[in-house]
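Just passing along the structure, written as structure tokens.
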Amino acid sequence: MPETIIESCSVKRLDILNEKGEADESLLPPLSDEQVKRLYELMVQARTFDHRALNLQREGRIGTYASILGQEASQIGTVFAAGKSDWVFPSFRENGVVFAKGQEMYRILLYWGGDERGLIAPDDAHIFNVSIPVGTHILHAVGAAMAMKYRGDNAAALAYFGDGATSEGDFHEGMNFAGVFKAPVVFICQNNQWAISVPREKQTAAKTLAQKAFAYGFDGIQVDGNDVFAVYKATKEALDKARGGGGPTLIECDTYRMSDHTTADDASRYRKKEQVEAWKARDPILRLRLFMEKKGLWNQEYEKSVQTAAANMVDEAEKKAEAVERANPSDMLTFTFKTLTARQEKQMRDF
Amino acid sequence: MPETIIESCSVKRLDILNEKGEADESLLPPLSDEQVKRLYELMVQARTFDHRALNLQREGRIGTYASILGQEASQIGTVFAAGKSDWVFPSFRENGVVFAKGQEMYRILLYWGGDERGLIAPDDAHIFNVSIPVGTHILHAVGAAMAMKYRGDNAAALAYFGDGATSEGDFHEGMNFAGVFKAPVVFICQNNQWAISVPREKQTAAKTLAQKAFAYGFDGIQVDGNDVFAVYKATKEALDKARGGGGPTLIECDTYRMSDHTTADDASRYRKKEQVEAWKARDPILRLRLFMEKKGLWNQEYEKSVQTAAANMVDEAEKKAEAVERANPSDMLTFTFKTLTARQEKQMRDF
Amino acid sequence: MPTMNMVQAINLALKEEMQRDKDVVILGEDVGRDGGVFRITEGLFDQFGPERVMDTPLAESGIVGTAIGMAAYGLRPVAEVQFMGFIYPAVDQIFNHAARLRSRSRGRYSASLVVRTPYGVGIKSPEHHSESSEAHFCHMPGLKVVVPSSPYNAKGLLISSIRDPDPVLFLESTRLYRMIKEEVPEGEYTVPLGKARVVQEGKDVTIVAWGSMLQRTLQAVAGTGAEVIDLMTLNPFDEETVYASVKKTGRAVIVQEAPRTGGFGAEIAASIAEEAMLYLRGPIVRVAACDAVLPLPKLEDYYMPTAARIQKAVEEVMKY
Amino acid sequence: MPTMNMVQAINLALKEEMQRDKDVVILGEDVGRDGGVFRITEGLFDQFGPERVMDTPLAESGIVGTAIGMAAYGLRPVAEVQFMGFIYPAVDQIFNHAARLRSRSRGRYSASLVVRTPYGVGIKSPEHHSESSEAHFCHMPGLKVVVPSSPYNAKGLLISSIRDPDPVLFLESTRLYRMIKEEVPEGEYTVPLGKARVVQEGKDVTIVAWGSMLQRTLQAVAGTGAEVIDLMTLNPFDEETVYASVKKTGRAVIVQEAPRTGGFGAEIAASIAEEAMLYLRGPIVRVAACDAVLPLPKLEDYYMPTAARIQKAVEEVMKY
């Protein structure tokens, strides 16, 4: 009985659209021109929002903010593949995801402005609270997916997190529960190469994050996270598989955090300009534009209209957010329990 | 740019000694006859101790006890490969491991009898406290290994845990730290197929536990956990690699818990006799005996001498344990901090 | 009316709530075929199947974290943590998420779930199997903490907890599991959360206790003029009942199983010292475990409050 | 003597201890090249290298758990948890292992390590970045809890904590980090653990505070007859100093940043009500945050105790 091989796995990577805007037609997902345009417009809107939020923070009109610059394809491509009944479980950096899933933009600004009302999502949008404690919400996504399965709903959960989150115990426990209960959940790991100042290679000795799925008995795949077609295709297939009872999938979106970690961070302390420059060339919006231009779906005035529409949308959101009257201090007591305790009623008088 | 394979892994299994006592000579580790006998004697002593402890519990002379019956090869084979300077980090089921590493047997009885003094290990034995919270001590082993590396000591740490422990967040965080810091640690997972009433296949959807190492960028291997030669060989190689700066290894010992989970458990509620019977045939001690018989290392009177020696050893331990005078109640205060707090001094008067 | 012990009463509450409401599901380690290490979920796996009585992998944060997701989706999960000494890995999910979900989303979501766990010294179990850590959880707004002291209130309180719109930590004393039998009605009844009960009336001294310490207190002061209050819910606790009694007796003793410093008894004492001070004749005395790491079984009897120490405390306050 | 803020003082303490003792190592998230999100470890990575200033993966239980292993092996790790709101995943390692290691092994092993973490409201940071959860950790025998209130005692207390043979949780108020500058000696000095200091002498009322609340208290009662005590160490706290003052003033107010119910102020009040009751003229009043989930920045000023509420509490006790 010599040494025998009893199990093996291989990790796939999917690339469809390159930096020059050239696509591998054989892999291109079946998207109508309208859908492609919609993807482009959502990505532009997400970036426009992000840019504005950074300015508002500088002006002191909102608090610390986490930019999504460079991750638009990973965020919009994944959520675009989701159906209405699917749920998203965002981390703090999913501004593009929650907006594309139906969260009102002004509420996203409210949240970063330090107001809980920014987390109130529309009833039918199926957006869970943003989670700040890294990795913890992965378990909520898995639990919700288990509930979907229990109820026989035709829905799946998308859990969003970063490369750093894969080091947390909750990532492990969530992935393992998902595998054991074959929960309809898709794990979207936006590997933006950094966890604040810690580079991807110091986060784990594994060559890829996708391969971590093998430890839980289901598939993991790495996609070019700046390639919206690859991101969309992988997510669509994973969601269909999940809803069909095929269990979970881990998707590693290979992307890059172009900004500082948050407005409270200074990335120049720990990473080289060269690296950032190199990734500029891989911009997710630029390459989609080049692709659309080739297909005759993009021209200057289309660009102008898209930019103006996005700017107006963000203007609206900003106005609406600033128009919201200050919250009542007593709200913090009112919403702690369903009903106030005797002690809390006394404390109400302090306001 | 079609789909590409960017990483792959395969999981090896090592079998050397089969149930008939036949060994694959090409894989047999270089052990002297004396060493083979020593392995056998240690396994018999471990089983004799285990048997006695179960009786003492039945007679109410010690508390709840966790039996190692069936896991003797996994416990003795691994620790036999360890050097004096190597540290072991045991879970609650490592009675064989800690005894073979140098813990006085009577202390093991003291511990199960509910006396902290049972955890005092000899200075040079390098045995860490038994850990009851499942999986938590994996991190201590990794931290100690990081310290060994920092100090440049020629030593490694062995972390012992079960199949169930692989589901805990601390297992994940420990494995990941070990990979990132290339810590000199060997992870010994005794997969005894059960975590109390939860069977291995419900613990994780992964086909093997060994493959989980791939998620952390280092090697995992499965060995026949009832084959003391395979267990020893894999551990020896992993320890040499660790001390040589090669980083961690995960070893899955494929074995079986022949007894109830503990004396507080009734396994007949959740598992079939047939399964237990099937594993009886794979007994780790029996097959080593058959091997030794073929080699002329075993005969009836040798067996008798080994059994008597083991019985005497356990008699001694039992006498010594029962002779230990009752601990002073104030010990619980004395050892909480290095020095008593003012409040604790007051509380001393309550005794 | 059938008489039963606390194990049977809790099992009955779970069974009846699961029959009543398909959204009630159970998850935890060994809660399925094995029926739980204390047999609390005995028979439920066979009756309701693996979809509603889920044996989970060995991961406490995973158990509570997935339960939060289930609750957010609309289920009413009852999660079991096998022993309170193993609840710590789930503290992050309980504190940072379960307790905050409603507030963070301004009512949009809530985590109406129950986390059940056996607690306390007294069955000579191994290390980490005897904790009484209730105080940690009473300092987390948004989380309710319930501790039954008898089979009857255990059933009624658990039903209330399962139906409560907010997360509830439900603590079950292992010492009480099989100690007391009493009449427990079949079928639905509830014992309200947030209300204490006066178990023994008296004029001399108010003794506040909960869970495992109630029985011990009753043994210690049976037939005396002590008034004994069983809090039952620790957070929010029934201030009115406590203050009313202290104002009547002018003396207060608090009995807790946990180590003295920072235990929940401190909150009761501090509240009395703030709200009923002018009625007090003398010191408020706490009877508690000593400030030591919880010992292994050989010393555990010296660790926790005894009837003698409760009596001593009463004598002390009666001096005033 | 150089004047510095708390960030500089803590950084200096770390640097000097690392120079003194090769066994002192630092680990945590972003403590290396980045120097920590508050720059506490600035410059240490360059001076001592990656072997002694370790950027870890993003895992709090991993950080504290490996630190325990290092300590057991003989090192003196100083672990950083980036914010107190993220310490909960490490609670199991702190409670079940760090605090118990000495007792479980009857002195054979011990976990002499420091867990540093920034705490408290006041820098308008996002959710989970403003907790003040000290009370949980003061109810764990075997663990010491230290909270400096100024640069000078921050340095002296941290040096004592690093050299202490037992595990220490070291809490740093983010509001204080850059608020106060004072003279801090270069070189070695220690401030003993377990000792409080009387910051303002007075005869009228004893006010007990710690960490971030000390400054606020001093502002509130400057120039009055209030005696202000800075606990500095919460567990074990300096009972003698507190009781002596209360016996002198006959009145007590406790100020804590955390929510009222179950906070550490309850332990102080309960201890006074037990040990100094007969000297009290009236109620012991606690000034604390309300029993609400910690709000986002827009409401945080309404949440925590204000100077006005501290003054109101003093007026109240002065009625007696």
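Here the chain labels run A, B, C and D in written order, and each chain numbers its own residues starting at 1.
The working rule: contacts are C-beta pairs under 8 Å (C-beta built on N, C-alpha and C of every residue); 3 or more make two chains touch, one makes a residue touch a chain.
For clarity, every value in this text was computed on a predicted model and none was experimentally measured.
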Any chain in contact with subunit A as well as subunit B: C, D
Centroid comparison with subunit D (C-alpha atoms), farthest chain: B
Where subunit B and subunit D are represented by their mean Cα positions, the distance between them in whole Å: 40
CA centroid of subunit C to CA centroid of subunit D, Å: 30
Euclidean distance of C-alpha centroids - subunit A vs subunit D, Å: 36
Numbers and ranges of subunit B residues touching at least 2 other chains: 116, 133, 167-170, 173, 176, 180, 202-204, 331-332, 335-336, 341, 343
Multi-partner residues of subunit C (at least 2 other chains): 57, 59, 61-62, 85, 88-89, 92, 96, 103-104, 127-128, 141-142, 236, 261, 291-293
Chain contact graph, described as a line, ring, star, complete graph or other shape: complete
Partner subunit D, residues of subunit B touching it in the complex: 87, 89, 116-117, 119-121, 128-129, 131, 133, 136-148, 150, 157, 169-170, 173-174, 176-177, 180-181, 331-332, 335-338, 341-343
Subunit C partner contacts - residues on subunit D that touch it in the complex: 61, 85, 88-89, 91-92, 95-96, 99-100, 103-104, 127-128, 133, 135-136, 138-139, 141-142, 235-236, 258-259, 261-275, 277-278, 280, 282-286, 291-293
Interface residues, subunit D side, partner subunit B - complex: 25, 51-52, 54, 56-57, 59, 61-62, 65-75, 77, 89, 92-93, 96-97, 101-110, 141-142, 144, 165-166, 194, 236, 239-240
Subunit B residues touching subunit A - in the complex, by the definition given at the top: 1-16, 18, 24, 26-27, 167-173, 176, 179-180, 182, 202-208, 211-212, 214-218, 222, 247
Touching residues (chain side subunit D, partner subunit A) in the complex: 29-30, 32-35, 37, 55, 57-59, 61-62, 85-86, 88-89, 124-129, 260-261, 290-293, 295-300, 302-303, 309
